[in-house]
Structure formats: structure tokens, C-alpha cells
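As written, the chain order gives the labels A, B, C, D, E and F, with residue 1 at the start of each chain.
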Amino acid sequence: MFKRILYLVGIVAALSGLMAQANSDVQSDAFHDGLILLADNHADGGATLSEEVPVAMAEAEPALDSGDTAWMIMATILVIMMSIPGLALFYGGLVRAKNMLSVLMQVFVTVSLMSILWAIYGYSLAATEGPLNAIYGGFSALFLSGIDDTTMSGTIPEYVFMTFQMTFACITPALIVGAFAERIKFSAVLLFSALWLTFCYVPIWHMVWGGGFLSQLGAIDFAGGTVVHINAGVAALVGCILVGKRMGYGSEAMPPHNLPFTMIGASLLWVGWFGFNVGSELAADGTAGMVLANTQLATSAAVISWVMLEWFSKGKPTMLGAASGAIAGLVAITPACGSVGPMGAIILGLIAGVVCLWACTGLKSMFGYDDSLDVFGVHGVGGIVGAVGTGILMAPSFGGVGYDDGITMGGQTTTQIIAVLVTIIWTGIISVILYKIVDGIVGLRPSEEEEREGLDKTTHGENPYNTQP
Amino acid sequence: MKLISAIIRPFKLDDVREALSEVGVQGLTVTEVKGFGRQKGHTELYRGAEYVVDFLPKIKIEVALEDTVLEKALSAIETSARTGKIGDGKIFIQPLEQVLRIRTGESGESAL
Amino acid sequence: MFKRILYLVGIVAALSGLMAQANSDVQSDAFHDGLILLADNHADGGATLSEEVPVAMAEAEPALDSGDTAWMIMATILVIMMSIPGLALFYGGLVRAKNMLSVLMQVFVTVSLMSILWAIYGYSLAATEGPLNAIYGGFSALFLSGIDDTTMSGTIPEYVFMTFQMTFACITPALIVGAFAERIKFSAVLLFSALWLTFCYVPIWHMVWGGGFLSQLGAIDFAGGTVVHINAGVAALVGCILVGKRMGYGSEAMPPHNLPFTMIGASLLWVGWFGFNVGSELAADGTAGMVLANTQLATSAAVISWVMLEWFSKGKPTMLGAASGAIAGLVAITPACGSVGPMGAIILGLIAGVVCLWACTGLKSMFGYDDSLDVFGVHGVGGIVGAVGTGILMAPSFGGVGYDDGITMGGQTTTQIIAVLVTIIWTGIISVILYKIVDGIVGLRPSEEEEREGLDKTTHGENPYNTQP
Amino acid sequence: MFKRILYLVGIVAALSGLMAQANSDVQSDAFHDGLILLADNHADGGATLSEEVPVAMAEAEPALDSGDTAWMIMATILVIMMSIPGLALFYGGLVRAKNMLSVLMQVFVTVSLMSILWAIYGYSLAATEGPLNAIYGGFSALFLSGIDDTTMSGTIPEYVFMTFQMTFACITPALIVGAFAERIKFSAVLLFSALWLTFCYVPIWHMVWGGGFLSQLGAIDFAGGTVVHINAGVAALVGCILVGKRMGYGSEAMPPHNLPFTMIGASLLWVGWFGFNVGSELAADGTAGMVLANTQLATSAAVISWVMLEWFSKGKPTMLGAASGAIAGLVAITPACGSVGPMGAIILGLIAGVVCLWACTGLKSMFGYDDSLDVFGVHGVGGIVGAVGTGILMAPSFGGVGYDDGITMGGQTTTQIIAVLVTIIWTGIISVILYKIVDGIVGLRPSEEEEREGLDKTTHGENPYNTQP
Amino acid sequence: MKLISAIIRPFKLDDVREALSEVGVQGLTVTEVKGFGRQKGHTELYRGAEYVVDFLPKIKIEVALEDTVLEKALSAIETSARTGKIGDGKIFIQPLEQVLRIRTGESGESAL
Amino acid sequence: MKLISAIIRPFKLDDVREALSEVGVQGLTVTEVKGFGRQKGHTELYRGAEYVVDFLPKIKIEVALEDTVLEKALSAIETSARTGKIGDGKIFIQPLEQVLRIRTGESGESAL
């Protein structure tokens, strides 16, 4: 416990000193056996490296398993479907018609750009070993050098693992755009995404999954509660505050322009999320089956709890509520899905639905920020519920897989909270800096005239719907 | 000749059209509009944010007709469009100086 | 044959006596070896248990096959995509704009609720052995107790099998909502679905796939012709009659509000249905390949026959006809896909297209019921065509896999008809009771005012499309 | 080189003589070991048969691999999703609202019809050995005779291979309809598709993948650059010229009626294309992983280059540009994905985005044809970029897999160009004939009145959107 | 001043606008409407159910103009909108008492 | 009585409605229209093909009112709808002979 607080202090110190000495604090004794281990490590939700090293050493190089590979190829494809068209439609349906294409475009092009950056340097900096290993990986796989069709990552080809992780790097920055939708420059989105991938996503990935200091602490994040959702949620909150409110926010009605698109998007996110969560097992095995069941149950439970709370409190159960509940449940189960049992998943989902509804209404109006599509309320808050809930609901008494030897519920939960706080602090601070840089270079916000006319026309020169005769 | 514009409830459109046909009106033009008036709107909820929707969907029917049919047409609309609840709508009567039929160039009452 | 009629009489008797003695009639000699067997049994399309028991006994516990598991995870995901967004859009596009969200919502929330109920008690009552084993399973897997990430069901983790079957339990009640779309209370849909799952879906599942009496009879239902489609189709017919016609039905035009959505829905149903049908093999093997081909061919054939009949009889081939034909073909091949050959599949599809078109027009107008989205015409009638057609087209002369030793075409077909009739009678009677119960508790139908204004606004407080400036 | 030109001359001669003696020119020495080999051959991107025969001979009949089978079932399903709803929506969103359903319908019913024709004779003529083996296969698998659930094709069931290839035969003719969208008779589409499948698709398939003369030449077409994209692109160009321009083309604005649908379609094409490209490996192995990465990277790169060029040259980056860029990248990487490395894929994508944008604007306006949805500009030109680019970028210096012994970059590239020219000439000439035949039998073009009113109303008697109260 | 409202076929909109520009009309306002008249509708088919669609899509053009341009404008519309088949539409001429330009507050003919 | 039709910018609708309420107008009817005038359109780009869009989205507000409120209503609209840039729109004033309230059959000013 004391040691954990030390780490926390350490990382804050590291941040203030702009990462210069972060390295010396924690890197010391860990040895990181490259990608095979990485895959195991990821699959085990970040169990400490020290335990695993000997095992990995003893094992022969695992052979390619065609079943695992088949599943991981599909999982990769499913995560792509989450972003396009899933996330794009989920977000697009919620904005006003005049900004529909701008949102679709931001997601579509961000995904494309992140793919390329991930291949060029992202994967290397995240998933290899480097001089600043507590926080960043190294440069050995720049331009994917050293990888070919025979390189393995556990029982699957490394190309598959790399591409699977690429899809995570695509969707995470795309999540953020919901926060300042309808009032952001397209160039700002692209520039910010590129910077944010480099300075927030990659280091948190490395800290949690790549053998960095949070994985050594024993933080569990099966499929990305901290790396993806809290990370994106915090950047979103910072973004919507720095960019400022939409013109007319609070006085004009800004209803979703096409809820059926939002429902399609939510459904495809749900469907694709199985790639995200079950895929994070990196194999088609018994744990994968458990993750499959957990993901479906937590999501369903969150739909029910969000809708019921709306029904009882406002008198009407809404389709947008059901869709939002689904995403909240998916977010919350993401870190937990490899550790809790099905009934624990249901409990987590029920809680996530209620808490995220409150975050999108009560919390938001309390502070008055304009998070257009509730990225923080759903991903940030849902991610926190999931990350902390993992520590509790993985207890055998809730049907979970139980703790590692010598770890108590309190201990694990504290570790989880530390990982959450590190993510919030790191991303919170760095994001502020990055938004300022972007504002300086290309500017964040379009002119009032452009915002009023809608970004589709003014930025993209297109009109989403042309039904005139 | 007169031009009448009737603002009615959307689901009454078919009834009104039939009633007008019965009194001899042969053509009309329909527009989807939104009305604001005494009728109360409803509330919509999007992630807990409540919007009051004041503009309600209505249908505007425009009919050009001879003065002689006017009374019958007005009472046809009134009867067929009435539900008795607030929001049934209005009928506006305006002077119409001339009508032309584009196809033939006919004008006046024979163009109706 | 005589014995079969006895069974039929028995089940009717059982029903009248409210299931009290159903048990004693048929349970007698069967012994049911739990889940491993279940899986085999399902895969074999309901071959009688007596044959399989010794084999299953003799076999060692099969090991996990990562290829089969990979495929079954995907199949599960595909069936989820069938419901959301597939079915939801297929239905949603067909109603008037003012009820769009109500339909999306009914499907979305029904799916969520059924998931949870299946995990809590549905799976146990369907797939384990119980005291009323002819009809119902037992309570040993309540709350999924006894299942963990090492429990197997054949070559796949039991969690995967359980979740795969969960998705069937999700979509089946959701199919029913099409029959009384545009005029049902949301609360009635949820309550009816929960009751119907418990008293119709679970017992028919157990009878046909869970070692109950229909599986002992030798009825073949590879992927759910009776369990899913006839079952839902009959409940739909009963429902639309009891709920009554839509206001204005017959006098006002009620054209589909968005056929492109219906086309997307039909396409995603088609795509997802491979999960449904090929997944029911529970393995990635040669039979799976055959099912894949059969599913594609029957569906295509039904598209062609429906469209051609429309073209010749009404002068215009319609997009809605093509989409409906696809669903009709998919329904019809569902029970047959593991037994017929590709040319048999084409024949079955051609027949299904024509018969279902007639059922949606001639039959419906003959009896005058208002089955809003033709659930009975497509699923009920298509299911019957498929179930009976299986008995005939599985003959080697049609390229099918042939009959079990000692079974003739007539014999098998009679068995199929019995299974169909049992399903119709069981679900017909129980559904009437359930609708009455629901009507008593929450009421089935919204007020006239609400129906006229549309359920989106009045029940859900939302508007699907907001394109005003 | 000289030999290659001889082949080219040979094929042109063969064409003029209406295929009568094509056979004698090239069939001579090749021996073709049926389907197992075929699969290998396809997977190897058309490496010469002579090398492989001994290996294939020596190997025992490969056993079914459940992982490979699982992946290939999914790949098949993904390719179906590319056509419906993917391609249908991509195209449908681009036409005017009054022709929306006609486009959806043309794609949907073409897919259905091609499925059946492929099962009846297409597969046999393409994938077996025949008397005209340089160009066509034989009749031994008519009606799929000889195939059952135990027949294998490599490590997967032959039924799976056959159905996978069926989905290619479905989407290829469907691609063509974009060229004459909004002004073609529905009956003409169906008749032309059936003829074109038989006289263009099947022979090119056999030439390139079925042991025909182009595969013997050593042309590499991993997943269908020539067979699918150039083939369809050329037929499209011929078609739009022969059918003539849309009424009002050039004078009236014809903006896309629903760009969000186009974006959904493009996204699902992207997602499904992994089935197309990675599936063409016919296994879940290391090469499959490489194809996965290459496909994602080339597509992303083409999105970026198309959008950037638009942005710099016209001032606005458009959503339609991003979607079109994605398709251009996908097309270009299709033949190359098994031979180039990830950085080569990025280069190819960057080039494809720029070249195809020019083809859809500069080239098209230079010649003034009305290729409604730019099928030639994207598929034809993109396919050529990819096929030729394969020859260059597969060099080890670009990170590619390198050439076969004794083959130089120049040699391979020449072979690629020959394969492209053969496809262009074959399909160019035959397509003209087929369009004339179709024009003679059912007529190509609807009346002016029908075209003006829109094909939805006049041909299909439906209206896509009915939002009136 | 007069206010003319012309109901025309949708695909004639561009022609009519050009014809009006040529006679000096500088502004107009367009509404999508549905028309019912002598022109026969068509039948739509949804799963065998046939619906007769009586309301056909039309375009309404409203133009405010000085009395002096009236004749030229009328004949411009008539010529450019005519196909000679039933359903070409009508032109209605109404008195217009006053026009204001919101931007400047100008009124009367200078506001047109 | 008069019927005023105001063509305004869409985003000004709420302001105008409020301004009219303040001067005592109790009802109005709104139509989505497209306007063509001095205000320049914009260019749209579809795969490199450029289309000039001349018809811009506008809102038409129709209000029937007593002669006594006319002046106040006109200036309420002018003030609330003005941005000072080209394209602010016009107000048309027409005579209105009669108004009927469908629900009650009332006519004249009491029907407003």
C-alpha cells in the first residue's frame, strides 16, 4: 500500500519533470521478454511481470494455433467495425443534420491516420522494450521492422497482434471527438489525434499492457478500461472545456437528428465490442468463453438499469437511453470481463447504467460543461466504475476468478484506483498541453458563421441529405 | 375567386380531401407545416435533457375556388377537420385575382 | 406411426391438464447425459437420444478445439447482430415514422432482458435434466452455477454454448413484436416476452433440443425451424388477433417509412443467419460447410421466386419482396440445412418464396387479421415449409444426407409434422393465456390518442428524425 | 518475354475465332491436379503450377483444420456482407432518392441470381479441369456433383471453398451496376449479369486462378485485382458508354441523396474486404496476418492521400472523398496483399488514392463518359494500379516477399501488365457483344418518362421514403 | 404589386427559374408541396398490398413582383413549365399590399 | 385583417417567434422553404464535381392578424430577424378577407 502511494508520487513527479527521470524510479528490476510475453501479459490482465518471466522462459516458442489466429483475425475486423461505421453512426445520429458528415469524417479519417502512425512508430513505442521502460517502449520495431509472416506473438502471428492493437489505437482517439462535436476544426482533430496517440495513448498502453510500471503494480485492465476508456474520457472532458460550449448551448434545442442511425451505431458497437473484449484474451479458449458471456450480460444489465431509471424518474424509457446504457455497460465490463463471473457482470452492468445516466445528467449540469455526446459521462465514468468494480467483483464470493496469492480485495481495489488516478493525471495534464499546442498551430474552433451554417457545408463542402427533386 | 388556406391536423387530410371532393372541388395543394398556437406541445427527452416542442406538425391545404362554392367548401372543411379539441386549426380566405392553367393557358374559373 | 400419434394425444392431454402429468407419459426410459450430449444432440438435429447415449458414454471428455471455439464465438456474435441492428431495422423500416423508435426499442430491450433471464434460469430449465424431463429441464444450472471457464460442451467451452443459445433466446421473442407493431404498450412487450420465454420458448427448446420427447421421437430441427420460427410465428398470430387491428387498418395507407433501413435489416439478417444455421453445427467442420452453402442457396432461391412471382402477377418486382423472400428462404432452410443438399436447398427456397408470398397476401386477406409485419406469414409459414420439407428433401434422391436406418421418407415427414403440430398447439394455447395475463396486469394496447400520435412521442418521448434547422 | 507476347497474341486470336482454338495454343503441357491444388494455387497468388505439382503430389491428402475452416466460413460471410448491405448502400447513397431502391434491388437480386448460377455451373466451369483448360474449366462439378461434406479443398471443406468463391461471383457483377445506375432496365441487369458471369467472370477466373494460361505465366493476383476489379471495371466502362448518359447529365445537379448511407456502405466494404483479401489465403496463418495488416494500411493510406489531394486542390476534404479513397485503396491492395510488406502497402495506397481521384475527375471529364458511380475510375483504374504495383512493390527492397527464383522485377511487372491487358481485351470485347445481345432481347434503357420519374416508382412500384403523416 | 404562386412539376424548377431571371425577376421562394388534381396517381405495392398514391410531388414557386413585370413573368412561367400533359399545374395571382426588405427596412417595389 | 408572410433565416425562428409573442401574436404557421435571391449560394463538391447551390434554406412564417397589431408585428419581425447581411429576407403583406377557427366555427378577429 505504502509502496503503491510511492509509485503514485513518483509518477506525478515524473510528469512535472517532463518524464525525464520517470525511468530511474521504476525500471530497475523488471525484465521484459518481448512480444510473446506481452501477449501473455495482456491476456492475464496485467499480472506482474516478475511472476511470468520464468514460465515464459521455460516454455518453448509456442506454435501458431490456427483456431486462435482465426478468432484474432475476426476480433481485429470486429474492432474496425466498431469505429466505422459503429462509432461514427452512434455519434453522427446524435448531432444536428448540418454537422452529420463532419462527425463521420472525423472518425473515418482519424481511424485511417492512426493506422498509419501505429504502424510507423506507435506499435514500437508501445509494445517493445525501451530505455524509459516504465513509461515508453523503444524504437526496435519502427516501421514494423523485424516483423514478418513468421514472427509470432504467443500462438498467433505477430502481424495479427499488431493489427489487433492497431484497431484499438484507431478507435480510442476517435472516441474523443464526441466531446467537442459540432464546433471543432477538422485539421485540429487530426493534429490533436496524432499528438494524443503519441503522448497519451502509447505511454498508458505501455504502462498498463507493455510491461510499464502499472502492469508491475498488478493493475488489472483486461481489455482497456484505463488504456482506452478513462484515457479517452479524460481527454474528452478537457477538450470540451477548452474548446468551449456550442453556440446556443442551453438556450436552443439540439436534439439528435437521426436516432435510428444512433441505434445502428450502438448495436454495431455492441457487436464489435466482442472483438474488443473477447479478442483481448488473444485466444479462442475457456476464458474467451467467459468474457463472451460477461460482455453480453453486463451490457444487457446496463440497458435495463438505464432504461428503468429513466422510466421511473422521468416517466419515459427512451431509445437513446437504451443505446447509451448499452455503451455504458460495455465500457464498464471492459476492464473486468476476464476476472468477474456472469452474475458479477450483471451487477457491474446494473451499476454502470445508473451511474453513467447520472454522470450524463446530474454531474454534467452540476459543472456546466458541454460534452456534446457525453464521452466523459459514458466512457470516463463508465471506465472508472469498471476499473474499480473489477477489484471488488472479481472476488470468488461474487463468482469471480479470485485474487492472486497474497492479494486482498482491498489491495487489488487500491491498485485499481491508483491505475485510474495515474491515467487521469497523466492524460489530464498532457491533454491540456496538447490542446494548447493545436490551438496555437491550426486553431481549435471554426468561425461563428461556420459553426452556425454547419461544418458539413463550410468545412467539407457537402450536404448529407439531398432529397430535393 | 378565392384562395382558401386551411391549417388542419395531419391525420384529417384524407377526410378533408374527400369532403372537398363531394362539394365539387377538383384540385388542391398540400404542404407540410409546423404550427404554433394555443395547443400545448409535448416534451422530448434526450439523455435526460428535456426539450419542449412547441411547433406541432400540421397540414396546410390550399384550394382555389369560385365564389359560389366557397360556403360549401368552408363548411365541408370545418365538419371534416373538427375534433373539438384545441389545435384543430384555422381557415384563411383571401382574394384571388386570376388563375391560369399552365398546360392550356386557360384562365379564370375554367382554369380551376 | 401409431406410437407417434399417441405422443401427440399425450401432449394435448398434458396441456389440458396444465402439464401436471405430461411427465409420466413420456419421460420413462430416456436417460440424458447432460451438456456434452446435448451439444452433440443439437448438432445432429435431434437424432434420438437412445442411440447416442452409449457413444457419448464411451467417449472420453472431448478436448477444447480452438477452431470450433473460434467459429462458435463468431456465430454467437453473428446472431446478436441479427437482432440488433438486423431485425430491429428490418422491422423498423416497415412501420410508419411515428413508431420507428418504438420498434427499435422493443427489439433492443427485449434482447437485453432475455439475455439476463436466460442466464438466471432459462438455460438451466432448457438445457439440463429435470423431473419433468419430457418438457422441461431442471434447476441445476440456475444462475449458471456449475459453469466456469473450464466446463466444456463438446469441443467448445460451455460458456460459449450457453451464450450462443442465449442469442437464440434473445431473437425469438423479438421476432414476435412485428405482429402487433405500432399498437402495443412497451410494458406489455417486456412482460409478455419474459413469460413467453419461460412458458413457450424454454419448453419447446427442451422438447426438441434438450432431450425432451420430440427429440426422442426423432424430429429433425437443425437450427430452429420449430423452436424459433414456428414458435414465434404462432405466438405472433395469436398476438395480432388478440391485440386487434391498427386504427385505420384497411382504410388508410400504411406504407413502410424507410425501405432502405428494411433492406439493411434484411441483409444483416441474411449475414447473421450464417451464425444461426452454421453455428448450430457447433463446430467448424464439413457439415458446417454444407450448411453454409445450403443457407446461401436457399435464401437466394427464395429471393428469386418471390420476386419473380410478384413480377409476373403484379407487374413489378419489389425491393420489399426481395427482402421478404430472403427472410422466407432463411426461415425455411433453418431446420433443413444439416440434412438437405445444395440442390435440395434451392428447391426448398423456391417453394418457400412462393408459399410465404401467398401467406402474406392471400392467406392474410382471407382471414383478415392484421399481422403488421407478417411474422406469421414469413416465420410461421416459412418454418412449417422448412420443417416438413426437411422430411422430404433430405432423401438421397434430392441430394440430401438420407434417413436413419429403418426410417422412411413418410415416417420422417410424419414425425416432422407431429413436431410442427405439437409446437403450434402448445404455443397457441399457452400464448393465449399469457396475453390475457399481460392484458390483466399492464394492458396490451395504448390509448387511441397515443396510437394516433405515434408511440415514439407518447411512450418514449422521442422523435426519430429531427431535421428542422 | 517473347513467350509472353506470344500468349497475348494467342489470346487475341482466340477471341476473334470465338474461342474455338484457344485451347490448342496453351493447354499443352500443364497438368492440373484438381481442387486441392487449386486452393494452394490460389493461396500462392498464382505461382506457376509446374513448381507446385510435385509438392502437392507428395503431400498426403491434408486433413481438415478447424481453425482454417472457422476463418474461411467467416471470410465467406464477410464477403456476403460486402455486397449486401455494403455495396448496395455505398451505391444507393450516391444516386438520387428516386432511384435508391432500384440500385439496392439490382445488387440484392444480382447476388441471389449469381449464387444459384455459380452452384449450377459457374463453379464447375471455373474450378475444374476441362477440354479448353487454358480458358475454361470442365463440367465435372455441374450442380456441385461430386461434392459432399467430406470433400476437401486443402485444409478446408470444399463446400466452404466453393461458397467462398460463390461470394466473389456474387459481388463482381454487382460492382458493374454502378456504372449505368439510374438509367437501366432491371431485366437488363439480370440478363447481363448472368451472361457476363458465364463469358467474362468464369473464364478470367479460370485463366488466373483455375490453372488457366495466365496462372501458368506466373501472373500474381492474390485476391482478385484482375479477376474481380479490372474485369468489372472494364465491363462497367463499356456499359456506361453503350447505355449512354443520364438525362440531364452535365446540366442538372445530381448530388448523392444520402451520404451517410454511402459512408456506412464504404465502411462495411472495408470491414468485409478483410474476408475478401485475408480469406484468399484460405487459411488462418502467418501470411493471413500479413494480408490483414496490408489491407488495413493500404486502405488508410488511400483515404489520406485522396482527402489531402482534395483539400489542397479544391480547398475542402470531403466525406465522399474519404469513402472513395478507402475503396480505391482496398481495390489496389487486393492483388498485392500477399506479396508486399506493410510499408509497400502504405505506398501503394497513397498512389491509389491519388490516381483514382484523377481517374474519377480528370480522366472522366477528358473522355466525357457518364460512369455514374465511378466504377471504372475506382475499380478499373485502382485494379490496374494494384496489379502493376504488385510487380514492383513485392521487391524485398520495398519490404515485399520477393520474386520467385529467376524472376526479376521487370519480368514480373511485364507479366502483370500482360494479365491486365488480357483481362481488358477479353472483357472489353465480350462485354460489347453481351450488351448488344441484352439490348436486342429486353432492351437496356427505360423510357424517358420512366427515367425522369425515377426507377423506384416506375420499375419497382415502391417509394423508398414515406414520411408523410 | 402582385404575389404569384405557381404550382409546377418538380423537374421544371430550373427551367422556370431561368425563364424568370430572364424577364428580370431577382428573387423567389420555393416550397415542396403535394398536389391533387386531374393527373392520375400511381400504385405502390408493399408485400402485395396496393396503395393508390393520389398526392403527387409538386413545387410551389412564390414570386412577388411589380405589376409591370406581371405579364412577362406569367408567360415566362407558362412557357417554361409547360409539357402539355395533364398535371402541368396552375398559376395563382394575388394582390400584394406591401413588401419589406428585412435587412434594410426598405418597402414597396424597391424592396423586391 | 392581414396575412403576413415573412421569409427569414432559419436560425432566427425562435427569436422571431418570441418577438411576435411579445406584441400579442398568439399563433403562427411555419414552412421550410428554399430561397433564391441576391444572397450568394455555396459550392458543393462530390468526387470533384462542383455544384453551385443557389437555393438556400429559409423559413416562411405566416401570421394572420388584426390591422391594429400590424405595425407592431412588422417591426417585431424586422428587428428580431435582421442581421444586416444580404439574405435576411422579406415580409409580404396581403389582405385577408376572413378567418375561421375550425374547432368552434368562430370567425373574424375572434378566430385569431
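Methods note: a contact is a pair of C-beta atoms (placed from the backbone, for glycine too) under 8 Å apart; a residue touches a chain by one contact, two chains touch by 3 or more.
This is a predicted model, so every value here is computed, not measured.
Counting C-beta pairs in contact, the pair that comes out ahead of the other among A-B and D-E is A-B.
Interface repeat of A-F: among A-B, C-E or D-E, over half of the contact pairs recur, by residue number, only in D-E. Here the spacing of chain C and chain F, counted between their Cα centres, is 54 Å. With each centre defined as the average position of its C-alpha atoms, the distance from chain E to chain F rounds to 18 Å. Counting partner chains per residue, chain F has residues 11, 31-32, 34, 44-46, 53, 55, 94-95 touching two or more of them. Contacts with at least two other chains are made by residues 65-68, 70-71, 74, 255-256, 258, 264, 314, 316, 318, 320, 461-463, 465, 468 of chain A. Interface of chain A with chain B (complex): residues 253, 255-256, 310, 314, 316, 318, 320-321, 324, 357, 360-361, 374. Residues 2, 6-8, 31-38, 54-55, 58, 60, 74, 77-78, 81-95 of chain F are the ones touching chain E in the complex. The part of chain F that touches chain B in the complex is made up of residues 3, 17, 26-31, 64, 94-103, 105, 111. Touching chain F in their complex are the following residues of chain A: 252, 452, 457, 461-463, 468.
Across the complex, chain B meets chain A through its residues 44-51, 53.
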